[in-house]
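The same chain A turns up in both complexes below, where it pairs with chain B and then with chain C.
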Partner chain A sequence: MFSIVRTLWDVFLHSFQRRVTRQYPEQPAYLPPRWRGRIVLSRDPDGGERCVACYLCAIACPVDCIALQATEDSNGRRYPEFFRINFSRCIFCGYCEDACPTYAIQLTPDFEMSEYKRQNLVYEKEDLLISGTGKYPGYNFWRVAGVQIDGKDKGQSEREEPPTDLRQLLP
Partner chain B sequence: MAIIYIDDKPHQADAKQNLLHACLSLGFNLPYFCWHPALGSVGACRQCAVKQFRTPDDKHGHLVMACMIPAVEGTRISIHDPEAVAFRAGIIEGMMQNHPHDCPVCDEGGECHLQDMTVMTGHNYRRYDFPKRTFRNQYLGPFVNHEMNRCIQCYRCVRFYREYAGGNDFNVFGIRNTAYFGRYQDGVLESEFAGNLDEVCPTGVFTDATHKHHYTRKWDLQFAPSVCVHCGLGCNISPGERYGTLRRIVNRYHGDINGYFLCDRGRHGSEFVNSDQRIRQARLRRNGQLQAVSKAEALEHIRQVLTSSSRVIGIGSPRASLEANFALRAAVGERNFFAGIFQRELRLLNRVLDVLRNGLAPAASLREMENSDAVLVLGEDVTNYAPRMALSLRQSVRQGPMAMADKLKIPHWLDHSVRELAQDSKGPLFIASIAATRLDDVASETYHAAPDELARLGFAVAHKLDDNAPAVSGLTLEQTALAERIAQALRSARQPLIVSGLSCHSTAVISAAANIAQALRRTGQPSRVTFTVPECNSVGLALLGGRPLEDAFAAVRNRAADTVIVLENDLYRRASVQDVDALLLGAKHVIVLDHLTNATSTKAELVLPAATFAESDGTLVNNEARAQRFFQTFVPQPDVQESWRWLRDAIIASGRQDFAAWENLDHVIASMAVEVPALAAASKAAPDATFRMSGAKVPRQPERYSGRTAMLANIDLSEPKPPDDPDSPLSFSMEGSPDQPPSPLIPFAWSPGWNSYQAWNKFQEEIAGPLRGGNPGVPLVEAAAQPQQEYVRDVPAPFQPGDGEWLIVPFYHIFGSEELSIHSHGVKQLSPGAYLAMNDKDAERARLRPEDRIEFTIAAISYQAALKVRADLPQGIAAIPAGIEPLQGIQLPDWSRIVRVA
Partner chain C sequence: MISPHPIAALIGILIVVLSIASGLIWIERRLLALWQDRYGPNRVGPFGLFQVLADTIKLLAKEDWIPPFADKPVFIIAPAIIMVTVLMSFAVLPVAPGIIISDLSVALLFFLAMSSLGVYSIVLAGWASDNKYSLLGGLRAAAQMLSYEVFMGLSLMGIVLLAGSFSLTDIVHAQQRIWFIVPQFLGFLLFLVAGLAETRRLPFDLPEAESELVAGFHSEYSGMKFGMFFVGEYLGITLISAMITILFFGGWMGPVLPPIVWFLIKTFFFLGLFILIRASLPRPRFDQLMAWAWKLMLPLALANLLVTGAVLLAFYR
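Let's look at the complex of A and B:
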């Protein structure tokens, strides 16, 4: 009996305490930059698509919700022909970001992606691509990789010697 | 067998082998690069280091390269010794110094031996911060992509290309860490086996150029155990599919046939599966136009046709499976089943089967050919007709020199020493052919002549071996002396081999080969024979029987038949336009089942979309009469189905309900075994559809197949259930038994830690030996215990060049002559155009010059081509490329005049 009365009293006292309910969405929540939310595909500092269609995010994904197809432009730069994430399956574990060797795929502090139709949770490359570098400003995979692409000849990557002259015989 | 001690534990090892071979055979993971199971050891990469101890008390030991030390009795080594482990890690780190940061865009990634070995040795962070050396790449042709920065200088590629495959337009250039592997300048690699560089190279320097535009990682491909359909040898392949298209073909190890290597036609010839010429829906002729119709409409039409026709005949095909041909035979009845090839070819095939059945000499597998120490090739240009065989014959010439190595006690696997010792000496290989072949560079002697002369030479060799064999009169001195030398070589060999086949279309040549085998047998010399055949199921078709194609033409001409069903056979490639037109237009109804739109299918009344090898299961019989099962790689568009299923549906539609019992492939095979006893053993080619491992099916997809919940999400969010496979014990899924499947069911090679093709190590009884449980396939021809002793006595008369006429023979081309592979871009690029080749003296006499436009006439039809002049062609003979447009449907050999077109 006493405990019931006491509980009622406690509840009553709470009506004079500070509100904790937040008036979302008028009052947005602070999310730290490393929050694992909506996934984006970023661009390299030159504005090119960062993703090189290596399939590592797809294999790392524990729910297998990433599918893509690699293709190449005529100068050897590889990129995804299509890139699809099924967010109705994604568990926002961030393994794809971990696996990505180019910092292309990144999880962002945004979770506002509810939809009335589940089908709308399937994002294609056009939906995923952002215009900037995201969390990792400086990195450009192609400046480190050894392959030749448009605008970067053999030997022009970071820490590379010029292409070997096969006709010289000096030791 | 010897006992060796690995980390103090005794193990059985083959004393004739090296320690690396022993360790890998025993299942240890020891990293290596330069050693290759088919290429032997050179000790170049220093990756396979282990510690060797002199005695049980030796605690100090010394580092040795496992691939260079024989596994002799009592050898004591340690794989896990800290010094050896550190040494191996150091070697990898050294190799990685200059290695580019390419894995994400490297086509080798995910199946890279270098990645695997790096992980195995535990090297994971780069300490070297100085600039890396770089190279320019080369254009190497349509099949092979070059990215030289990734090279670790293991030398496997040049050893394979030059020493194993005999190519000489590829080499190593430069010095020290700038050694460069490529051609002296950009250009198409000349070797027909260049595509194997993709697999031989442990890194991504050489990758499949045809795979690039729709590149998919190995872990994302759906594979099936399959068999190459581009020639009669039956090499085993692993096709890989993703998103409903065939992405690539890689080698599937078979210890008796292809071993580790394929030819480039087999590896790159399957683009036809994705071709936009594919027939993907049934088409029915309405108002003169072929229009797409549904499956039900097609079957309704078939019902009307079959119930209203008085006599239906079926034309089978040597490129369709046994089951498809048998289903056609069941649909039309044995009497109305035509083999789809001419009498001439059928007779040659039956002659070959007679020889195999007679048991004069066992049929040699490609592996056995490698071990033959004297070879006579009679009439064949194997590189172009049965390509992979050329690679095996190239190895056979090393058997002679191996005897020198044996004398000096040099083990056979010590590759560099054996080659140094052998220098240019080669075991006997005699090539008697119409003109020069791509194997001539390793031949001890070559002889070029007309088919009849080749046969006469063969008969003469048999007579030299055994006086009872028929003698050949009127031989030239040159022929007699050559026959004597060949006989001498065969007589003194341990395992002589006679290679012949169908490419010169001469029964006499095959009989001559049989006589040689007979003569060797009678003189107590065990020999082997092998015959090449034109298509992937030529032998199966001959075993199934059926009447020749000309009889089908006659049946329609005489109005004995009014409906024709053509199974996977473009008749215009076989017979003249007149004959095929008469057949297709003369018959009231023509039903064609095929993969691609072709001349025949465009004339049909009803076209049914037949599944290709990658979309169906079935059995093919290769040139040794080995029946092998190929399995479906992926599920095609809904209307495309196996030819046998279409035919079954047709039979049911025509009112024979009992055929509803043919629910899956096994039922067809079972009824085939009853009706055609010669094919009964085909059921044992692979486990049937009820086979399970630990209660589960064999998964077609690798464990890490990705994207399952996104691949089709653009169409529908709910993932469909994986398709059922009623026909085989394989599943269209990554789920299934984790156990190693029996050899005919291995879809792809993978083992934990071994993502590259080197994983085949884990599937073999012994490295480079048979697959566990035996190599796939069963022989369909039993050799008689008591061979028939008779010699063939009809020796042909000497060849007489015609007066103003030439004997026109077909020349086969690895790229271009085969019907399906020509739809691949690379194959098309490398195929020759139409030509007619003629001896230079003949051309001079006829006042013809190279590139002249000439005309010849066969069976009253004239054909035009550009003239080529070749000194190696015998006089009186002219050659045209086989199967190349527009020179198709010509019955050869035949005589014709050759005139210049004004």
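Let's look at the complex of A and C:
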């Protein structure tokens, strides 16, 4: 009998305790910077696309939600003609980010991508491309890679030595 | 005796009671949430007040399914019975001086009779559903209500002795000097427990017992028929709270504020208590429930009646 009254009182005291519910849309949840959320395609510091359309992300993807087609521009830079991620399939595992050799594809701390139509979850390249560099501000693939493109010959990349003259015997 | 404005009182009480009963759904969810350190419904309208409206629209829009194996006429009439019996009881409640639909001289007996009739709704619903869980719920309801009805009536006899009348108005007037909670504290506790059992509220919700019997007697009900059971339950809580107010806490009596406000304050206090009890206590086993009723509550009620009678006989002849 006493225990019943005590239980009632203890429960009543909860009126004055802090509520644990987080009022989500008004008080957004804290997401750590490495949160694996919405996938983006980032750009170089000088504004060019980082993606070189190597297909590694599409191969790494365990659910095959990435589709792209490689092509080359007039400068000799490879880039994807289209780049499509089906977010209704994506499991946000982050393997694409791990596989990417140019830091182009990145996962961001954002999960608010609900849609009323399933079709709207298929993101095209213009939906994926962001204007900034994402998590790697200084990195510029075409500046450090020893690939020849218009305006940058062999040996002109950063920290790259001039190409060896194969016909020379001297070191 | 007929009250001065029966029709006005009828319409007024009906509107107020029905809106309190449906508003209770919101109040209960908010209070339960408060005691569980949550917020509860707070999205629809200010403080989530329109949640009830949204729920009603949802219930109305749902398919009103009658199982092909059910006993159709009984299945349909069962939810109506609970509403009718509970609402009938409100007819004899003196809310404030002059605000009463019918001032019966046997109002207390009428109330007991109506709350006993309410069990038909549950039993018939359980029977007509032709579903073993529903039937078990109906059986439990029948046994529970029968047992608790006995000492519910007996626990009130002390009050009848003190007031010398079955009329609820007379009972309230008899509390001019002192509320009956003081001389009849045991009777109050017994009536509270019996009231909980009568309204099938937690911890006495064995007819529903969602962890054991799906939803008990209303497993097969959907749409607005389920809504009738739902509102009927809240009407029952309102009724029992109002009865506790009238019988033990001096009804509309109180200083400064107008009588109707006092009545509402007291009633809402007990509504809150009912919800607090729901938030706190676990459900007993069925044999424990029956054992309490017959081995503890009934002897206590009888002893209460005997002692009250003896004291009255000895000192107030």
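As a working rule, the second predicted complex is superposed on the first by the 146 of 171 C-alpha atoms of A that agree within 3 Å, B and C clash if a C-alpha of one lies under 4 Å from a C-alpha of the other, contacts with A are read in each partner's own complex, and residues count from 1 in each chain.
Just so it is clear, contacts are C-beta pairs under 8 Å (C-beta built on N, C-alpha and C of every residue); 3 or more make two chains touch, one makes a residue touch a chain.
In this text the structure is predicted, and so the values were computed from the model without any measurement.
> In the overlay, answer first, second, both or neither for which of chain B and chain C A:Leu129 touches.
Neither partner.
> Can A:Ile39 be said to touch chain B (first), chain C (second), both, or neither?
neither
> Touching A:Arg89 in the superposition: chain B (first), chain C (second), both, neither?
A:Arg89 sits against chain B, while chain C stays out of touch.
> Of the two partners chain B and chain C, indicate the one touching more residues belonging to chain A.
More residues of chain A are touched by B.
> Looking at the overlay, does A:Leu107 come into contact with chain B only (first), chain C only (second), both, or neither?
Neither: A:Leu107 stays clear of chain B and chain C.
> Please indicate which partner A:Tyr55 is in contact with in the superposed arrangement: first for chain B, second for chain C, both, or neither.
first
> State whether A:Lys154 touches chain B only (first), chain C only (second), both chains, or neither.
Once the two structures are laid over each other on A, A:Lys154 reaches chain B alone.
> Okay, in this complex, where on chain C does chain A touch?
33-39, 276-277, 279-281
> Which residues of chain B touch chain A once you look at their complex with the stated criterion?
Spelled out, the residues of chain B in touch with chain A are 100-105, 109-110, 129-137, 147, 149-150, 173-176, 178, 180, 212-217, 219-220, 243, 704-711, 713-714, 716-717.
> Within the complex, which stretch of chain A touches chain C?
Residue list for chain A touching chain C: 4, 7-8, 10-12, 14-15, 17-21, 23.
> Touching residues of chain A toward chain B in the complex: what are they?
52-56, 58-59, 61, 63-72, 78, 84-86, 88-89, 101-102, 118-119, 121-122, 124, 141, 144-148, 154-155, 157, 159-164, 166, 169, 171
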